[in-house]
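Heads up, there are several structures right after this.
Same chain, two partners: chain A is paired with chain B first, then with chain C.
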Partner chain A sequence: MYRYDEFDATLVAERVSQFRGQVERRLAGDLTEDQFKPLRLMNGLYLQLHAYMLRVAVPYGAMSSKQMRRLGEVARKYDRGYGHFTTRQNIQYNWPALVDVPDLLDDLADVEMHAIQTSGNCIRNVTSDQYAGATAEEVEDPRPYCEMIRQWSTFHPEFSFLPRKFKIAITAAEHDRAAVKVHDIGLRLYKNDEGEIGFEVIVGGGLGRTPYVGHTIRKFLPKKYLLSYLEAILRVYNLEGRRDNMYKARIKILVNAEGIEKFAEMVEAEWAQIKDSGIDLPREEMERINAYFAPPAFEKLPDQSEALEEKRASDKDFARWLRLNTVGHKTPGYAIVNISLKPIGGVPGDISDVQMEAVADIAQAYSLDEVRATHEQNLVLPHVKKDDLYAVYSDLEKADLATANIGLVSDIIACPGLDYCSLANARSIPIAQRISERFADIDAQEELGELKIKISGCINACGHHHVGHIGILGVDKKGEEFYQVTLGGSGAEDASLGEIAGRGLSSEQVVDAVEKLVGVYREHRQDKERFLDTYRRLGAEPFKEALYEAA
Partner chain B sequence: MKLLKLSRGRLFPALEEPLAEVSLEDWRDNPQEHADATALKISNDTSLADVKCDLAGFSTIILEFPAFKDGRAYSQARLLRERYGYTGEIRARGDVLRDQLLFMARCGVDAFEFTGDVDGANAAMSEFSFAYQPAADDLAPVWRKRLDRAAAA
Partner chain C sequence: MKAVTGNRLGDGAVVYLGDDDRWTTDLAAAARFEGDDAKSVLAAAQARVKEITDAYLIEVDGAGAPAGREALRETIRKSGPTVRLDLGYQAGA
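Up next is the complex of A and B:
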């Protein structure tokens, strides 16, 4: 993992003391709420329906056990004993008091954490593959590049007042767990035909009220030009992006207004002027950052673990958890463990202080000190020995964290919705809870296979509904909460945007609706088809029919 | 409103002598009539590549920051310094807030029409000891300092 040196530590400490001053000016009445707003928004502090909400950055989702433990302590000390992991690999606290926030940030700074770039119209916290450095699928570890972008974009003097927020995601694997095609910039590390590793640069994806799948503007960018190329894109966007209408201010609108070829030309022309002007990191600094992500000291182990196989054979629930929540590691004898934050009937992404500390302890004992947050609002222990899997499972079970449902119908993404959010049309969390209760039977869930349900409480799409195999969007109909269902979306390498199934449904109807959709799939699926595959093969008709027949 | 000028990283109140200002549009329409102008106003939706005039003839270029959220002139300032080689004064006008002065300065602005107090402005200018990225000022980015330190060790 990256560790701060004195420069990183100084900058974060200085940021906290700057914000402490701003909070003092606010509390003393020297700043009005209007004047304070842009300042707090540069420090991850939102004003929500009931209270302030603080969003803490987890750069590219990577945490040490020490950081995880601190997140738990913070939840207890400054909040109501829980935190909420988001779809951007960050964590939010829903109830901090303004006067406490500088101390809270100091406590985070002690463990090299902060709330920088989690809000405001700047380059936001970069997201990546939660299996980075652990999966055999990747051509290279994407995290060093995330860290390079983190540093370059932190307090960028030119790009802190962009037309709108700006999100960058990086993947280095064929199977895209970072949703790079629905980000302002998506970067895909791959090996080209000449055997060189570099980036495919994808621009203009996004969700929100006008969703787009991004376009490739450069097939291959040598790694050493990463920062200058990003700077060129950001400069074109900063100068040309729309500022007259905040709903048309994202880069996706500019890209589509100019046309992808014209936009690519503008970027290339800008880049030609700056590419060798000293923006890119020298080789030594790239190597310095890379070195932090060198593989940890894995033991030489046989790939098969006898202890594991014994337990697998004797404990059915454990065997299921292994099937659903663990995946292969690049190192023989190791596995990647997913921790589901979607217990049946729970709030997606929520985790208590005690659970965070339990995860920290488990990571310290069994995962080389590392934890990851995923964009699907779960956690990952990236480096667990197969010999230890049963111990990890048992400890997770004690902490109520052993739900086996990764990728299944109850592994739902949901935004905070009307329970917290001032922009919401409808509640998201209770819908997620009721769907998960309806499909509680784990055998039936497993039999259904991969099915991604994503719920947003309004068109801003924080819950990614556009890319849900089944998406649910809260709409307001004459003051009542209604839900629009979309079908066939995907945020992975086969990215697509869901299509609206038909008229809105009431909150009573929406859970039945999911059941009907699942029924159509059950009836028509062939072989190992996922819900999404069946939908793509058959088209929307049979699903629509089932939804609206006699309803 | 005060005029603050940047000198060696600190801001000093400056005497506000009236500027002979002309907007880019007026000057283009009729350069003869504005031959005495010393300050050129460039709106923040102007593409500098299209300006095509001798900027060095003006001792001041005024850039607009109409609202704190509107950050186009940060790019314009950098381009004036780094691409078009402008060495005169770049003055920020508009919604110039204390907490933006440092970013503006890093982009090459060296004069500010500012309403807050001077001490606060100077405090804001010195809130950060380092920067991660090169810009239009001469601050060495953190990676350069790391390399220098490694070389010295």
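Up next is the complex of A and C:
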């Protein structure tokens, strides 16, 4: 796994001590809040309804067990004993005191973690496939490219004052788990017909107030040109992007104002100029970074595990968990394990200090020391031996982390909403809790199959509601919480934006509404069709009818 | 009627301006103002930059409970997350 080099370590240490000085000056009254706010935001520190909130970066979602353990310790020592994993593969603490934050950041820096690139108008923490380096689906491990981008973009002088924040995601698998089509830049690593590996470059996607699915501006970019091409895109954006209006400043607005062809031409023209000017990493440097992501020492194992099959046959709940929460690994005898942070009635993405430590212990014992965070607010143990799956399951169960529901109706994404967030119109979490309680029956859930519900408490769309098969958006109606339902969105390779189903619903109505929508699906689905497929086949009408018939 | 609220600088905790001009964590104990009074009190509170951040006015009823359009938001601020009754001021009550 990637380790900091000395350069990174120094940088992070300097950043913390600089911030310590800034906090001291703020507390002493030498800095006003107006002067201090941009400084704290640069260090991931927001002010929310009840307290400060600290967002800690988990670059491309990858953590060692040591880092995971430290996240748990930090939650106990400086917070209220829990953290919240987000759709950007970061973790947020909801209650840190300003006076403690420098010490907290020091504790994180000890394990090579920080809060840099988690806010502000810079290139944010790059996100990727949580199965990277483990899934047989990928043509290559995408993480070295994430890391190259991280190194290139961290404190890049030209790109620290972009018109607006900038988000990049990379996948290397056919099935897109990184939502690359709804990022400012999405990169899909694939093998072309000539057998070469390179990137499809997708630009201008995004959610928020003005959602867009991204457009492909280059079908195939040879790998070695990654950084110069990104630099060309960023330059065009930096130069042409609007700075006068925060809501129109994202690259998606520029791309759609210029038109995709014109935008692509501008990028290509810029790229032609800088392509061979030494921005791209020399081969040795790429190899050096690649070496950090060399596969861990997998054992040579038979693909079948007898121990596993015995348990599968004798323990029905375990068999279900295997079916729903584990997927194939590229190495025979191994599996990828998903840990659901969506217990029935729980808070999506929340995890306690003790649970974080349990995950760290399990990862250390059984997953070659690695844990991943997913954009669906779950965790992954990427490298578990099939022989160990039952032990992992049992340990997870002891930590209340063995909920089997990955991809099902109760595996809901929800932003913090009005329970925590100062920008919210309405609460998100209670809606998620009530939906998961309504659909608690796991047999019925499994029978329904994949169904992605995503909830945001306001138009900023932190809960990705536009790309939910069923999306729920909190709106404010004269001081009352209302919810707008969208249908047919997807953030995966078949990306699309959901369509608004009709007028807003009260918080009482919204759970019934989901049940009605599911009812229409049940009635009309063919074969193994997912909710989304049925919706796409039938169109919105039958669903709208059911929603509004007698409501 | 209005009350002045903000987050305490050092720890971010929700506080209200009390009758004695000190910050209190109890909205029921907050001073209540009308009209232009509220504005000038707010300006004075905002100047106390070493104590407070993000000070603003909220609407309260005669009993000192949050009122008006932002009543739910301010109720959540005053009590704590509705999904974690063990956290926030509601936990101590």
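By definition in this document, the second predicted complex is superposed on the first by the 551 of 551 C-alpha atoms of A that agree within 3 Å, B and C clash if a C-alpha of one lies under 4 Å from a C-alpha of the other, contacts with A are read in each partner's own complex, and residues count from 1 in each chain.
Please note the rule applied: a residue touches a chain if its C-beta (ideal position, glycine included) is under 8 Å from a C-beta of that chain, and two chains touch if they have at least 3 such contacts.
Remember, predicted model here, so these are calculated numbers, not experimental data.
Engineer: Output check: A:Asn238 vs chain B and chain C. Expected answer is one of first, second, both, neither. What do you get?
Structural biologist: first
Engineer: After the superposition on A, what does A:Glu33 contact: first (chain B), second (chain C), both or neither?
Structural biologist: second
Engineer: One more residue to check, A:Glu481. First (chain B), second (chain C), both or neither?
Structural biologist: A:Glu481 contacts chain C only, not chain B.
Engineer: In the superposed arrangement, which partner chain does A:Val347 touch: chain B (first), chain C (second), both, or neither?
Structural biologist: A:Val347: touches chain C, not chain B.
Engineer: Is A:Arg80 touching anything from chain B or chain C once the two structures are fitted on A? First, second, both or neither.
Structural biologist: So A:Arg80 only meets chain C here.
Engineer: Per the contact definition in the header, classify A:Leu418: touching chain B only (first), chain C only (second), both, or neither.
Structural biologist: In the superposed model, A:Leu418 contacts chain C only, not chain B.
Engineer: Considering only the touch criterion stated at the top, classify A:Lys300 as touching first (chain B), second (chain C), both, or neither.
Structural biologist: Neither chain B nor chain C is touched by A:Lys300.
Engineer: If you count the residues of chain A that each partner touches, which comes out higher, chain B or chain C?
Structural biologist: B
Engineer: Residues on chain A in contact with chain B in one complex and with chain C in the other?
Structural biologist: The answer is that chain A has no such residue.
Engineer: Please name which positions on chain A make contact with chain B in the complex.
Structural biologist: It comes out as residues 5, 7-8, 10-11, 14-15, 17-18, 21-22, 38-39, 121, 151-162, 227, 235, 238-239, 243, 273, 277-279, 281-282, 284-285, 288.
Engineer: Residue numbers of chain A touching chain C in their complex, please.
Structural biologist: Interface residues on the chain A side: 26-29, 32-33, 47-52, 80, 95-99, 347, 418-420, 424, 427, 429-430, 433, 476, 478-481.
Engineer: Chain A touches which residues of chain B in the complex?
Structural biologist: Checking each residue of chain B against chain A gives 47, 68-72, 74-76, 78, 82-83, 97, 99-100, 102-104, 106-107, 123, 127-135, 142-143, 145-147, 150.
Engineer: What part of chain C is in contact with chain A in the complex they form?
Structural biologist: Listed in rising order, the residues of chain C that touch chain A are 7, 9-14, 49-50, 53-54, 68-73, 76-77, 80-84, 87-88.
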